[in-house]
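Below you'll find a set of structures to go through.
There are two complexes below, and they share subunit A, which is joined by subunit B in the first and by subunit C in the second.
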Partner chain A sequence: MALSEKDIELKIREEAKKALATGEVSCVIGWTTTRFPDKMKPFFAETEAECDELVWNKYCINGTAKYALDDRYPSKKFAIIARGCDSRAINRMLKDKQLLRENLYIIGVVCDGKENPICEECQHKNPLTYDVLIGEPVPEQIDEKRFAEVEAFEKLSPDEKYEYWAKQYDKCIHCYACRNACPACNCVECYADQYRTGWQGKASDRIQNQVYGLTRAFHVGDRCIECGECERVCPMGLPIMRQTRKMLKDINDLFGDYECGMPDDAMPVLGGYTLADPDEFM
Partner chain B sequence: MARIGVFICHCGTNIAATVDVEAVAAAAREFPNVAFATTYKYMCSEPGQAMIKESIEDYNLDRIVIASCSPRMHELTFRKMLKGTKINPYMLEIANIREQCAWVHTDRAKATEKAIDHVKMAVAKVGKDKPLTTSTIPITKRALVIGGGIAGIQAALDIADAGFDVTIVEKEPSIGGHMVMLDKTFPTMDCSACISTPKMVDAGAHPNITLKTSCEVEKVEGYVGNFEVTIKEKAKYVNHDLCTGCGLCQTKCPTKVPSEFNQGIGTRPAIYIPFAQAVPSKPVIDPTCCLKLTKDKCGICEKVCPLQAINYKDETKYTTEKYGAIVVATGYELVDWAKMYPEYGGGKYADVITGLQFERLVNASGPTEGHIVRPSDGKEPKDVVIVKCVGSRDQNKGKSYCSRACCMYSAKHAHQILDKIPGSNVYIFYMDVRTPGKGYEEFYDNTRADGAQYIRGRVSKIFKEGDKLICKGEDTLLGKQVTVEADMVILATAMEPAANIADVAGKLGISIDSDRWVTEAHPKLRPVETQTGGVFLCGTCQGPKDIPDTVAQAGAAAAKVMALLNHDEMETSPMISSVDQTKCSGCGYCVEVCPYKAISLIQVPGRDGNRKVTKTVADVNSGLCQGCGCCAATCRTGCIDLKGYTNEQILKEVDALCQ
Partner chain C sequence: MKFKKTDLNEVLKTLAREYTVFAPIVENEEKKFMPWAESKDVEMEGLNTIKPPKDVLFPNVEKMYRYKMGLEGFIEEIFPEDTKRILFGIRPCDMRSIDSMDKVFLTKEYVDSYYAKRRDDATIVAFGCTEAGRTCFCESMGLNPNDAPSADVMMNVSADGEDYVLEARTEKGEELVKKLEGLITDGGEAKKDTKCSLVINKAEDLDKKLAKMFEHPIWDKVTKGCIGCGTCTFVCPTCYCFDIDSENYGAEGCKYRCWDSCMFSDYTRLAGGANPRPTKKERLRNRYMHKLSYFNERYGETLCVGCGRCVEKCPAHLDISEFIEKASAAELGKEDK
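== the complex of A and B ==
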């Protein structure tokens, strides 16, 4: 029988306490309440008492994994409450060598979706990587409409597309929220933060905003795990996922079925060199 | 502040006819930091270079832009020129206004505009040039040759004669490759064994050559001048230090399997010396068919060996050695035609054979002692069909390329049949006859004079009717169908690279093309070099060719090796990549994309806030890096720079163009 929301919450607290009790874990990353009943916030439980503040409900939306990057050289482990999307984010950062598996204790939770539109497209309700699992694994669905939006958009003329994105980037305020939330944006020093290199102009105008958007799309293009955090956190409502999905669609067309954040050894398509790579143009 | 000189070349009329060079110079004078700009008829000529040197002094220039031909042509020339001046040879940019401008445009006004843009970009870039210095690395004066066919043997002999140690690694139990299987060689018809076995013996006896047969390259580390190669020696089960090659064992061995050397016509025992003239002339045991090794029975060879050289417990051995240069000479194989052409019987008719099988058939030391007979019943064939381009020049079923030797060896085969079997008829189905070699056309003429009948067209089907092989095809010159009833059919099958070439190339960090032939560094100007420094190629591993071309190429590769090994140390190009380790995230994607395995992740002490931590960062091995820039393009943080093409320089060029 499937566990109720309350059962899961209790189990999470129990597992969190167990993890802390080992003495190897510094804190458990999950969610807790705010003064709004329909808003939960990320929470770092460091004591047994704090573990009882951890919650699980349909408003637990924020990704939990990326907080592990806040301390890149931890003396103890982080325990992470990980849904399917969070586990893929962890896999992303593991493959990008930004996290070490031995520094993580992953409390996987089967998730049947939150109050977040992206969850309707979710192909991984079951965590892919974990140390303990809460909940019974459920059958996964294939998202038939994964690229539907991109396909429709591709039909527009180049001018129409340009016009669309130019308008979108007129709204962008250059706040880098999308980057900060993205588990694939995990560089120690983002190119956009560097001064005097000439990569990214600091002005917030159409051109510089577009340069930023395009560069980010390419930087995460073959590594995006489709968690939708970028688009969710954007204060100006830019449809950012449409860019990464376009990249992923092209990769699917060129290289075959492709999805990131899986617990396999496959490198991102643009992040490797094999002898089979065609080089007849050289 | 930089003081830039801009020198615009007319290249005779090559550039000046399409580009208004004076207008380019006038425009250049207006660019920031340009202290002097002029034009000249031939910048690369002696007076041209003297003029540049004088201008450097007269105008106190500290860096220069030369607008001329491709940097591939003369960048080195001008760098050498700068060596004699106060300017560092790397404070130079070439704007390619010939190949990328004058030669590809006709509209003078627009071409001039484009040339100005090229110069503008080069001026922007040169402003950020930094002096670079070369460093030197020591050279191990030994060479490794991979593959012991005629290419490998010739290269090894040449290098060894120059006084350097050479190791030949050959995967088979004997060196010799394909040439020693051949009977006679076109166009002179000298006996192949008579001209190749003396070379094999020389290689075996040369004081500077070490033969490593039944061996393959397992691992290659290091870089030009300093390769560290692990060689895998397959178990031979015979101690070659004891064995004298008396051959008694092979006469007693009860096992019989098809002989590779005789291309499946005839058999060999499980313990065998591949052929009479093999070098080394000592047997090995084939573990896949030896009764002792497969079923723990027999053991007769151990009993008969007068020197107790047999060792059934022999194992694969690994040795690691250092070399300064490597020559790839892994040769070719013939395509598996039976899979490609089921319409030719797909291998079910014994009398449809390949050209190589025919070579064994006509060879006096072959399985039939040189009598041309049908493999099926031992009868002498009267009507023989030769089908050319089987698998070659066939985009649908085979390879798109021409295998180059087949036109000539098919003519040779026709000549041999007509010569040896009185009253015989030979029909050659062909697409074209290609004879571009000295004496080749004459050879083909003679074969036709002998009576060979050339039919232009492909054979569409071969099937058996009674004793005969019915070959149906089209004579495209007459535009009608033809049917020939043949006693035997010889297929001139396509050459393809050695089966494991991708693996070998991967270990060496060299590239292969879509047909898997090894790619040379430049098809015309660096034909025996690969993109990896210190790795050279020769023979058919690079593409189909005949023996004269193979041997010539082997000599060329040997000359390059000798030029390299002749130095005690070598200069390395300073235009390699470098990592800003303070920014590096240690993601390791650069490690993955580097085709030369030049980058590794290392641990360095660092700080995170007020803590001391150990950081993982990328590190470039300057000996291995070839400056391709893949890593720089991959690094998202932008912390890898290719010296001479830094991110900053490229961005400056883009800015200049977009202004």
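== the complex of A and C ==
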């Protein structure tokens, strides 16, 4: 029988307490309430009492995994409440060697979707990597419409595409929320923060906003785990996941079925090279 | 004085003959202050804009001077053009934020000539809110959502909902109202009963209390979820920090200034690479302290006007109003002096 929301919440608290009790974990990263019933915020439980503040409901939306990067050399483990998307984020950060598995304690939770449009497209409701699992695994769906939006967009003329994105980037306020929320954006120092290189201008104007948007999409490349955080956090509502989806579609077309954040040892598609790689675009 | 709501377009058209009129316009799926034209879709009522109107006086990117090197080298200042402008329909919180920016850019012996020029050229028509967003807490910060005392003209919806009622409060305001002869009539009773959605418990002397709380454990807790984006600072009507940089093409180029954010890692990075605010804890502490304590110390008023924009837009759901309550209730420890 599937666990109710409340049951899962109680289990999360219980597992969180157990994790802290081992003495090996510094904090448990999950969610807690705010004054608004539809906003649950990331929360870092450090004591047994704080574990009782952890919640689980359809507004627990923010990604949890990336907070582990706040301390890349921790003296104790981070415990992370991980849904399917968070587990994929962890897997990719491990593959990118930005995190060490032994510094993580992963409390996996089967997730049947949140109040977040991206969850309708989710192909991984079951966490892929965990130390302990809460909830019974559920059957996964294949999202037939994964690239439908991109395919429709590809039909536009170059001028129409440019016009579309130019308008979008005129709204961008250059806040870097999309980068900072993204688990794929895990570089120790982002190119955009490297001052005096002249790569990224600080001004928020049409040119610099677009330079940033393009570079972000290409740098995310094969690392996008399709969590939708970039689009959710954008204060100006730019549909930027369409760009990283385009990257994924091209990768699928060129290299075969691909999803990022799987628990395997394979070299990332864009991180390795074999003689069989397609190169007609070069 | 009043004019019919249905005459709004006529009023804007009349004003637009002599001024550039920045009004709350919906375009490209976004409501923001931009120059009015007949084809534009003005939305006076409803919620406030996501982006504050501060960029009319303090643009996001402002070219300061251009130069060329070599035998024909020169340096030439780029100064804001002579444009009489009206900021039409800004909300009381945003008017109050302009009062704060005036203090920063125009007082304490240094006058920022770029800001001063734009400010001198501007006439401000404030508009009383008819609806408060769920994150609005301006009343708790000492404001009134129905009234903006320092506006040149105060405008409210009339009690019967048919008219906009005007009150000219300064010479600039009188001058503006004169242009509307024929469109405005005497009388009109303003409706001033809008209430803020959020009422928060703020300690009377929070600024002084916070001044003692630099090392308080509260900062470790409240800052953990922050992802260090610039969202809160860029949507804030009172964040006024800027950076200066240049754009060079061969031997020519220009210097510009652009908004900066104290939430960015490079904000306090020194020439040698050291950073006195190395993590989000120090950065967010600075933001909150600046809004709620440092500014009071220097200018005698709080810099957060309670517009609620950062509360609504923070991707990690950090909430300065919640912080104000927590800090107001916090016990001081022995490290807090």
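Keep in mind that, in the parts below, the second predicted complex is superposed on the first by the 274 of 282 C-alpha atoms of A that agree within 3 Å, B and C clash if a C-alpha of one lies under 4 Å from a C-alpha of the other, contacts with A are read in each partner's own complex, and residues count from 1 in each chain.
Heads up, the rule we're going with is that a contact is a pair of C-beta atoms (placed from the backbone, for glycine too) under 8 Å apart; a residue touches a chain by one contact, two chains touch by 3 or more.
Keep in mind that this is a model prediction, so the values were computed, not measured.
Chemist: Touching A:P42, do we find subunit B (first), subunit C (second), both, or neither?
Modeler: In the superposition, A:P42 touches subunit C alone.
Chemist: Looking at subunit A, which partner touches more of its residues: subunit C or subunit B?
Modeler: Touching more residues of subunit A than the other partner does is C.
Chemist: Which partner chains sit in contact with A:R72 here, subunit B, subunit C, both or neither? Use first/second/both/neither.
Modeler: The first partner, subunit B, only.
Chemist: In the superposed arrangement, what residues of subunit A touch both subunit B and subunit C?
Modeler: Touching subunit B in the first complex and subunit C in the second, no residue of subunit A appears in both lists.
Chemist: Can you list the residues on subunit C that touch subunit A in the complex?
Modeler: Residue list for subunit C touching subunit A: 28-30, 50-51, 60-61, 134, 198, 224-225, 227-231, 234-235, 243, 245, 247, 256, 258-261, 264-266, 269, 279-280, 313, 315-319, 321-322.
Chemist: Mind pulling up the subunit A residues that touch subunit B in the complex?
Modeler: Contacts found on subunit A: 72-73, 96-98, 186-191, 194, 197-199, 219, 267-268, 270-273, 275-276, 278-280, 282.
Chemist: Any idea which subunit A residues touch subunit C in the complex?
Modeler: Result: residues 34-36, 39-44, 62, 66-67, 70, 167, 170-171, 173-177, 179-181, 193, 195, 201-205, 232-233, 235-237 of subunit A touch subunit C.
Chemist: Under the stated contact criterion, what part of subunit B meets subunit A in this complex?
Modeler: For this pair, the touching residues of subunit B are 502, 505-506, 511-514, 519, 583-589, 592-595, 601, 608, 611, 613, 616, 630, 634, 636-639, 647-648, 651-652, 655.
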